[in-house]
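Dropping the structures in below, format is structure tokens.
Consider the two complexes below, in which subunit A is the common component and subunit B and subunit C are the respective partners.
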Partner chain A sequence: MPLAHRLYDSALVLAPSGRLDHDNCEAFREELAPFLERSAKERLAIVLDLAGLEYVSSAGLRCFMLAAKQAKAQNSRIVIAAMQPVVSEIFQIARFNLVFDAFPKVRDALAALSPAAAAAFDRG
Partner chain B sequence: MRVRFWGTRGSIPVALTSADIRDKVAEALYRAQGRSFASVGEAYDYAVAHLDFSLTHTFGGHSPCVEIENGGDEYFVCDMGSGARPFGAHVLARQSGRPASVNVFMSHVHWDHIMGFPFFGPAYAAGTRIRIHGCHDTLEHAFRLQQAPPCFPVEFSQLAAQIEFVKLAPGRSHEVSGVQVTPAPQMHSGDSYGYRFEHGGKSFVYTTDSEHKLENRAQTDRFVRFFHGADVVVFDAMYSLADAISVKADWGHSSNIIGVELCQMARVKHLVLFHHEPAYDDATIESVLRETRRFEELTRGARALQISAAYDGLELDV
Partner chain C sequence: MVVAIDEAALERYGQWPWPRTRVAELIGRIGAARPAAIGVDLLFPEPDRFSPSAVAEEVQGLSADVARRLRALPSNDAALAAAIRGQPVVLGVAGLEARDPRFSRQPAAPPLLLRRAQDLRLRHFPGHLQSLPQIDQAAAGRGLLSVDPESSVIRRALAVAQLGDVVLPALSLEMLRVAIGAPLSISGRGSDAIEVGIGDVAIPAHADGRFWIRYGPHDPARFVSAAQVLSGGVPAAQFEQKLVLVGVTGLGLLDYQTTALGDRVPGVEIHAQILEQIFEGEFLRRPAGLRTLELALLATATLMLAFTVPTLGVGASLGLYALAMALLAGLGLEGFLAEGLLIDVAWPAIGATMVFGVVLAGALSEADAQRRALREQAARVAGELESARRIQMGLLPSPRALFAGEPRFGIDALLEPARTVGGDFYDCFMVGPDRLFFVVADVSGKGLPASLFMALSKTLLKSAARRVDDIGALMARANAEVSSENPESLFITAFAGLLDVRTGKLQFCNAGHEPPFARAPEGALERLVHEGGPPLCVLEGFEYPLAEHTLAPGEWVCVVTDGVTEAMNAAGELYGAGRLQAVLRSLPAEVEPNAMLAAVRADVARFVGEAEPSDDLTLLCLRWRGAASER
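Up next, the complex of A and B:
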């Protein structure tokens, strides 16, 4: 799964796409790992931009849970943005809406994390 | 086969309170605004057709006890939770004085799964034959211990029935009075075992108090093989997925989401959510059922999976 990323001031926006399930969740974790390390070193928050994620299984949700735990342990934070309706429903049914703060758009998530990150996003 | 649920709640029995019943009645009356009923039967029909299950019923209260009827003379039952008390009354009424032969299959010996046995009427009837099957070395010890002083007034040795303990080997198929029974090891504190019953071309799987680790692909594949093609799977869906893999990880239970995914992979026909969380009220369990059906719709492949939530009194034809 290609993990596109962009930095907006103190926030990293990561954008997984396609399907996240039993077959590719470990590859996704490996791709995510350096960004989690970087967020700890550089004190960056992470926004998972899920606009391109079509489906997530329980194994994929576990990857998000592990990432959230690691972020919490390193005093960082992960939030979710721009979920497609199907993924949003799955989050709710699995009660992951109680684990993550979720925002309709990436800019909303950045604004909640830091005004500077939102301003950087607005500058493009 | 026919499956009859005598106890469906996990961990500890739960009773409706007077306030719960008052609230259900008040809500039902409110929803019936403007209607009048010429008879109780008419009101009954309205309630069944128009009101939520959680308003007109309760998922219930007793801890695990599930009967499998195969058309023969002998009884088959999984676990002896508090549902064993009404199950015992059913056996005695049906036998009308004739001695019963009861085959019990124990998932494990935690308290909620054995607590009904001291109240299981047939155990006090001379001539009853009870064979308690399981894979734990501690099976007999646990049954005797809960009736030892000072925990209970009648010691196990005073029971009038002829009681045998039968050790089963996990992973092997055993023939028990014409039914093929295969136990499978499960992840739970002190271990637990699921059972697959096969009779007359039908298959039924009872799998409770079982945690599934998503990172363990070999375990997932083993359960897919164990469930494969089953007509009905009764599944421990006690927690939400988020709880099951975070704050309640290693507590030995599973979730509705994992139940659906395993049953879809195993091409199961009917998933029954079981071992309900004692903190959940009827409306919450009904909401979990609705959401689980929706999750199945969102993830459905070539064939649909039927989904139910077990309740005390539910009967299913397999």
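Up next, the complex of A and C:
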């Protein structure tokens, strides 16, 4: 799974895409790992932009949970944004809204994290 | 030029041997054209029986006068000697392994120069066969006829050989020597090579006097029939200043040899070809270093194949082998054509082939052994998975059997693992006399890790259910207990319910699970939704809230896992909650749990078709029949 990333001030926006299931969740975890390390080192928040994510299985949810646990352990923030309806419903059923703060749009997430990040986003 | 005593000549002048007068006439005819040398590939060891004196002895009834006159005539042998005398004629001498008493004297040898004194190790013939002294003495030279074949195919010929104590050159070489008038020289060239020289011509040969013949194809243009010569039909220019060989080719005379090219050629042609080769200077050589080169080739080819073949696949190995063979063949051919080098690539090729065969066979058998080991391992794992599945399925109760004859409610459940063993589970048991506990859960992930975690979780949930009254507290407790034994960070979605079978009051808690469906006999299909919480092992210390729903008599509840809603068909479409709702709505109001299960299972199976099941599929259906007073 390709993991596009962009930095807005102190916020790292990561955009997984496609389907996240049993077959590729380990690869996704490996892709995610360096960004989590970087977020701890550079005091960056992470926004998972899920606009390109079409489906997530329970194994995929586990990846999100592990990321959340690591973020919590290293005292950094990780939020999600721009979920498609299918993914949103899966998150809703699994009550992962209790695990992640979720925002309708990436900009909303950035605004909630830091005004500087939102400003950087607005500048493009 | 070869003057052939061929079929045409035999037909015209009678069968072989001819009277020596006829041979004398033939040599006379050739000699008249002033050739450079005449090589006679014939032997005249006995007196001619057609000589007049012999005829006088043979033929009975001759008058004494006729006989006397015949005896007085010169013999045919004298006639031949006369024809030869004064001509540059070289006669043949054959080497023999035993002495022939008729020829006890050594043959007259040409002047021999030894440029470097060394012990000659030439092929040695103790005896020999040559022409009658009378004829022999008339000749200008004597050459060896013997090719001394090493096998039925003549590849090498003797350039010089030792007969008794004298050294004699081959007929062809002696013709050359007679033509040039130079002495024969032999000089050493290293430990096992010599060079035979006549004037400016040098012929490389082995120490034993053998040298390789570079054959050309049989060429009829070299030949002229003896019949034509005898009838005067051959212009003198054909022979003038030429080396002329006289020999028999008539098939009945059987002097045919096989050359390295596979041709059957008259023996006399071999002499002719040797002469051509000498003139063209194209000798085939095998310098001393060649053996080292061949050994190096053998070592290189075999080592290369030995080390590379085991690391390559069969196809690549065969390709490499073919390449090595092609390189060897190319090298041999190039050496032969460009340099006249006789590189023996056969041994490197044979060696490489053997090594290739052995190594490839080894590699194949090793691969085969590995495959077998893998197969056995796979079979063992499959067997272990099969027994794991039996254990897992054994962990699950059979609700229908468990609650057979239960008047207050009906319950049935189904679990189909996707990968032999799975992470779904369900459970149901009575807590006290009047309360039914049931749970449907799904461990994230599949296969053995999920199924092991499922077994652990099911046990912990059961023990928690027996100790806690409040279903929310039960979930919180299970969350804490399962989380503490979760090294792989798996999580579990679960829907748990506690039904008071006297009143129909249902207490439930949803931990991140698909909300179940419920339907009262007179009501619409609804979902049991409440605030709930995340799956177990996601948030530590989460306080799960509980919700309540009072079942109407005859109302059913159906709990599924995502193996149902996310069952996928071959086109990649999901079964979805919509289809599930549709099939549940279509069921009659009084449907029993087992019929409900069957209907949903059949509908999902129809949708999925031939596609591989992607996730465990679990269904639990429960129907409350109402309070005892109402039944």
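The criterion applied here is as follows: the second predicted complex is superposed on the first by the 124 of 124 C-alpha atoms of A that agree within 3 Å, B and C clash if a C-alpha of one lies under 4 Å from a C-alpha of the other, contacts with A are read in each partner's own complex, and residues count from 1 in each chain.
Going forward, a contact is a pair of C-beta atoms (placed from the backbone, for glycine too) under 8 Å apart; a residue touches a chain by one contact, two chains touch by 3 or more.
Bear in mind the structure is a predicted one, so any value in this text is a computation, not a measurement.
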Superposed partners subunit B and subunit C on subunit A - clash or fit: clash
Partner chain in contact with A:Leu7 - subunit B first, subunit C second, else both or neither: neither
Touched subunit A residues, subunit B compared with subunit C: B
Subunit B versus subunit C as contact partner of A:His22, first or second or both or neither: both
Which superposed partner A:Ala33 touches (first subunit B, second subunit C, both, neither): neither
Which superposed partner A:Ala59 touches (first subunit B, second subunit C, both, neither): both
First (subunit B), second (subunit C), both or neither touched by A:Ala119: neither
Touching partner for A:Lys69 - first (subunit B), second (subunit C), both, neither: both
Touching both subunit C and subunit B, counted on subunit A across the two superposed complexes: 22, 57-59, 61-62, 65, 69, 93-96, 98-99
Residues of subunit A defined as touching subunit C within the complex: 22, 57-59, 61-62, 65-66, 69, 93-96, 98-99
Of all residues in subunit A, those that touch subunit B in their complex: 22, 55, 57-59, 61-62, 65, 69, 86, 89-90, 92-96, 98-99
Residue numbers on subunit B that touch subunit A, as the complex places them: 214-215, 217, 220, 240-243, 245-246, 255-258, 261, 291-292, 294-295, 298-299
Touching residues (chain side subunit C, partner subunit A) in the complex: 442, 444-446, 489-491, 493, 510-515, 532-535, 538-539, 542, 562, 566, 615
